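Read through the structures below before going on.
After this come two complexes, each holding subunit A, first together with subunit B and then together with subunit C.
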Partner chain A sequence: MIELKDLSKRYISKNKYGKKLRVDALKQLSLTLVSDTSYALVGESGSGKSTLARILACVERPTSGEIWFDGKNVAAMRSKALRLKRKEFQMVLQNAQSSLDPRLRIYDSIAEPIRCLTQTSRSDERKMILEIAEKVQLPEALLERFPHELSGGQQKRACIARAMSVSPKFIVFDESVTGLDVTLRKQILDLILQLNRDGRLSMFLFITHNIDVALYMADNIFVMKDGSVIEQLENAASYGDFRHDYSRMLIESLPPRSPLHR
Partner chain B sequence: MTELLKVSKLCIGLKPQTFPIVKNVSFALREGTSLAVVGESGSGKTITCKSIMQLLNPKTFQVSGSIRYRKTELLTMDEKGIRALCGSKIAMIVQNPMTAFDPTVKIGAQIVETLMAHQRISKRDAYASGILALQKMNLPRCEQLMDSYPYTLSGGMLQRIIIALSLIHEPDIIIADEATTSLDVKNQNMVLDELEKMKRNGIALLLVTHDFGVAAKLADNVIVMREGKIIERGTVYDIFESPREAYTKELLKASILKRGNCID
Partner chain C sequence: MNKALLKNKQILIGLALILFVSTIAVFAPLIAPNDPNKIDALNKFLSAKGEYPLGTDQLGRCVFSRLIFGARYSLGIAVPTLLALGTMGLAFGTAAAYIGGRLERVFLIVCDIFMAFPPLIIVLSLVGALGQGLEIILAAVIFSMWVWYAKVIRTYAGIERAKDYILASKIAGCSGLRIVSRHIIPNILPQCIVIVSTGIAALILMVSSFSFLGLGFEAGTPEWGAMLNQARSSFYSHPRLVIYPGLCILLTSAGFNLFGEALRDVISPEEASE
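The block that comes next holds the complex of A and B.
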């Protein structure tokens, strides 16, 4: 279980006259994420979704607030202790091409979290990687290639494999399918759902701006606006379950499913 | 309704072996109508658009067939003629608004630069008409926008500025190449509404998209491309209600996410 208490994040930037500007990306956010459950988070650009993702993946620290995980407050941990915890949280980013090191072969990219975060012998490592590659339907022959020699979908699979290589308890997908074409998008979403069903990926948070994708991926949906969660749904099944005006606006912004509903 | 653009038997090959990328593509675009080109990545949609705008490097691409704007053939036109036409009468909106602007130059200066490249106009007048164009797009605080750098604005905002800029010369045709793919649903809706308004004003739209929702909202006619070929064409109602090709059906099915049918 992950519990977020009064989480705030403030970014400070300077305008052209050198005056400080404060941006509150997260405002006193409290959430509870239960183990073995899948979650989706929707909101428009600038609502703080990615900040929350980065904090959950321990890439960034909150300005104030607590993150309770396995009885420990992760937000207050020292860097060294946090390093060990990183094994439990992984993240898959939007742009697969830019999140893979162009100089590393796919095999090494997938192996990196194992090498950095665990002590595993090379032969065990190979076994783990081959197994994970099979799970994400990435042919073994592709592992020796460089990222630019792979198609967009294969790159995405490699990113998912990398996130899963250390068997984390929790994965954050930050806009992981935005910009993919529809066929590929469905393949990747189905792959994640399949992994979830097989128990390989028991708990995840899927961040998206598309309510259709959110409904497809999870029963538990959070709607975020201006740094706060404004609506929380359990067992959401259709548009009708959303009550908040802002959620309704997001639904109305979706393009029609057929020209008859213009 | 006059026919604005007629593409016939367009073939594009990659030199030196002339590896075919676009094969025998023909379509026509009339005043005030919109045509959506749908297909997955790599099906040749963007290359087709670029060849209309004469943006393909003749050293790498072999283009044959015919692309006619009103009565003029674009493929055999000299560069001067192309410059006068493309960018003013035929405008293009590209996919990623973040990379379409020069990051080191303020929005205002880039708008002025574009205007001065296409018409004899003083800097001051160009600035004034730039502000006017932004106001027409319902953009807030236009003076301030002219004075900001691209990275300080959101993707939706930048995309609307690009549309404003493409409208300045009163084009007949707008080519929107995945214009809303990188935007969130709210901004996408705003941009689509603007495009719809332009269509009502008589501008012809060529929409390139893999999102069937965009086609459903805006298109009158649809062509489906796969591996450089047009495999199906029809009105938007035909394509959505009674698609013939298996590939079209597959694309439609993938675009509508419904729980329960996730793993067949």
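The block that comes next holds the complex of A and C.
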């Protein structure tokens, strides 16, 4: 179970005159994510959803607030303890190609969390990686290739395999299908759902700007605007379940299904 | 990429020159016909013939043998110094770029302070304070030059550090040391090799110019710059004594420069236009 309490994040930048500009990316945000449940988060660009993802994955620390992960406040942990804690939560970044080291073979990229976070012998590690590669439908022959030799979909699968290699309790997918073409997008989404049904990926948060995708991926949906969660739905099944004005507006700005609805 | 390297004529010429000079330096005692330090007062300023292929200098020493042993000094100083500079540059540059924040700013200020002093001034003051000696010249060169390498490498490392795969490996649980050694350094190594190989030529010139000024080597050492300096007094009567060591310096540094610059064209073409 993950509980976020009064989470705030403020970025300070400078304008061209050197004057400080404060940007509140998250404002006093509180959320509870229950184990073994899948969640989706929708919001426009700039609503703070990526910041929330980075804070949930603990690559950034909140300005204030607490993140309780199974009874421990991760936000206050020391860096070293936090690093080992990453075994339990992982994140899949938006851009698959750039999130793989161009000079590492896919196998080594997938093996990295296992090597850094667990004490596993090389032979067990190989077994684990082959198994996870099969799960994400990545042929074994591709594992010895370099990232640029893979297609976009294969790179994405490799990234998902890497995040799952240490069997984390929780995975954040940050805009993970943005920029993929529609058929590929469907494949990746179905893969994540399949892994979820198999019990390999019991708890995840899928962050997207696309309300269709959010509905497809999870029953529990958060809608975010200007750094706060403005609507929280359980068992959402259709557009009709969204009540908040802003959510209605997001739905209304979707392109029509056919020219008849124009 | 290896094919591209072998197709490039400039690289081949540079490589041939480097190999030529290195072979001479390694096998100097076998190639040299005479002892480079043997003084033969009766045979001063001999012109080229039999026993002395390039004649003798103002003390009757064999010029050819001295030039051949000189290769040992030039390469023997430039290569280790450059390795030290490269290692220091990599260590400090990547650390500063990875840690970032305030420490990186302090590092840049320190770099700027060091870069404000011309290397010659630092070498002169160090030699003045600590006395002559090869080690002192080496220390002075490293001391005055390391920031130039560290700062360039920091820029490269900073570019890599901002990339997604570094964030991804942090999420994967890599420690800072592992990120620097397994991810940042392998990815900037090609650029670093280019900086280092173009730097060798400058360093050979630098060491030669110091010994020309009489810094670093004992009198009589067959170093090319020192030979140039000693031949200066007889420049009008025997110009060949100046020309030979000058040509040696030129060929060696040309070899490294040609190689380094061609390597840069192949590895990072976007910089070639600068």
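One rule holds for everything that comes next: the second predicted complex is superposed on the first by the 262 of 262 C-alpha atoms of A that agree within 3 Å, B and C clash if a C-alpha of one lies under 4 Å from a C-alpha of the other, contacts with A are read in each partner's own complex, and residues count from 1 in each chain.
Operating definition for what follows: contacts are C-beta pairs under 8 Å (C-beta built on N, C-alpha and C of every residue); 3 or more make two chains touch, one makes a residue touch a chain.
Here the structure is a predicted model, which means the values were calculated and not measured.
Asker: Under the superposition described at the top, does placing subunit B and subunit C together on subunit A give a clash or a fit?
Answerer: fit
Asker: With the two complexes superposed on chain A, say which partner A:18 touches: subunit B (first), subunit C (second), both, or neither.
Answerer: Touch status of A:18: no partner.
Asker: Of the two partner chains, subunit B (first) and subunit C (second), which one does A:71 touch, if any: first, second, both, or neither?
Answerer: After superposing on A, A:71 lies clear of both subunit B and subunit C.
Asker: Between subunit B (first) and subunit C (second), which, if any, makes contact with A:152: first, second, both or neither?
Answerer: first
Asker: May I ask for the angle at the C-alpha centre of subunit A between those of subunit B and subunit C, rounded to a multiple of 10 degrees?
Answerer: Result: 80 degrees at the vertex subunit A.
Asker: Which partner reaches more residues of subunit A, subunit B or subunit C?
Answerer: With both complexes superposed on chain A, more residues of subunit A are touched by B.
Asker: Where does A:101 make contact in the superposed view: on subunit B (first), on subunit C (second), on both, or on neither?
Answerer: Second partner only, subunit C.
Asker: Pick one for A:199: touches subunit B only (first), subunit C only (second), both, or neither.
Answerer: In the superposition, A:199 touches no partner, neither subunit B nor subunit C.
Asker: Minimum Cα separation, subunit B versus subunit C, post-superposition (Å)?
Answerer: Minimum C-alpha separation, subunit B to subunit C, in the superposed model is 15 Å.
Asker: Of all residues in subunit C, which touch subunit A in the complex?
Answerer: 163-165, 167-175, 178, 183, 186-187
Asker: Using the touch rule from the top, collect the residues of subunit A that touch subunit C in their complex.
Answerer: 57, 59, 83-84, 86-87, 90-91, 93, 95, 98-104, 112-113, 116-117, 159, 162-163, 166
Asker: Using the touch definition up top, name the residues of subunit B that touch subunit A in the complex.
Answerer: Residues in contact with subunit A: 40-41, 154-156, 181-189, 192, 210-217, 219, 236-237, 240-241, 250-251, 254-259, 262-263.
Asker: Would you tell me which residues of subunit A are touching subunit B in their complex?
Answerer: Subunit A residues touching subunit B: 44-46, 152, 178-186, 189-190, 193-194, 209-213, 215-216, 237, 249-250, 252-262.
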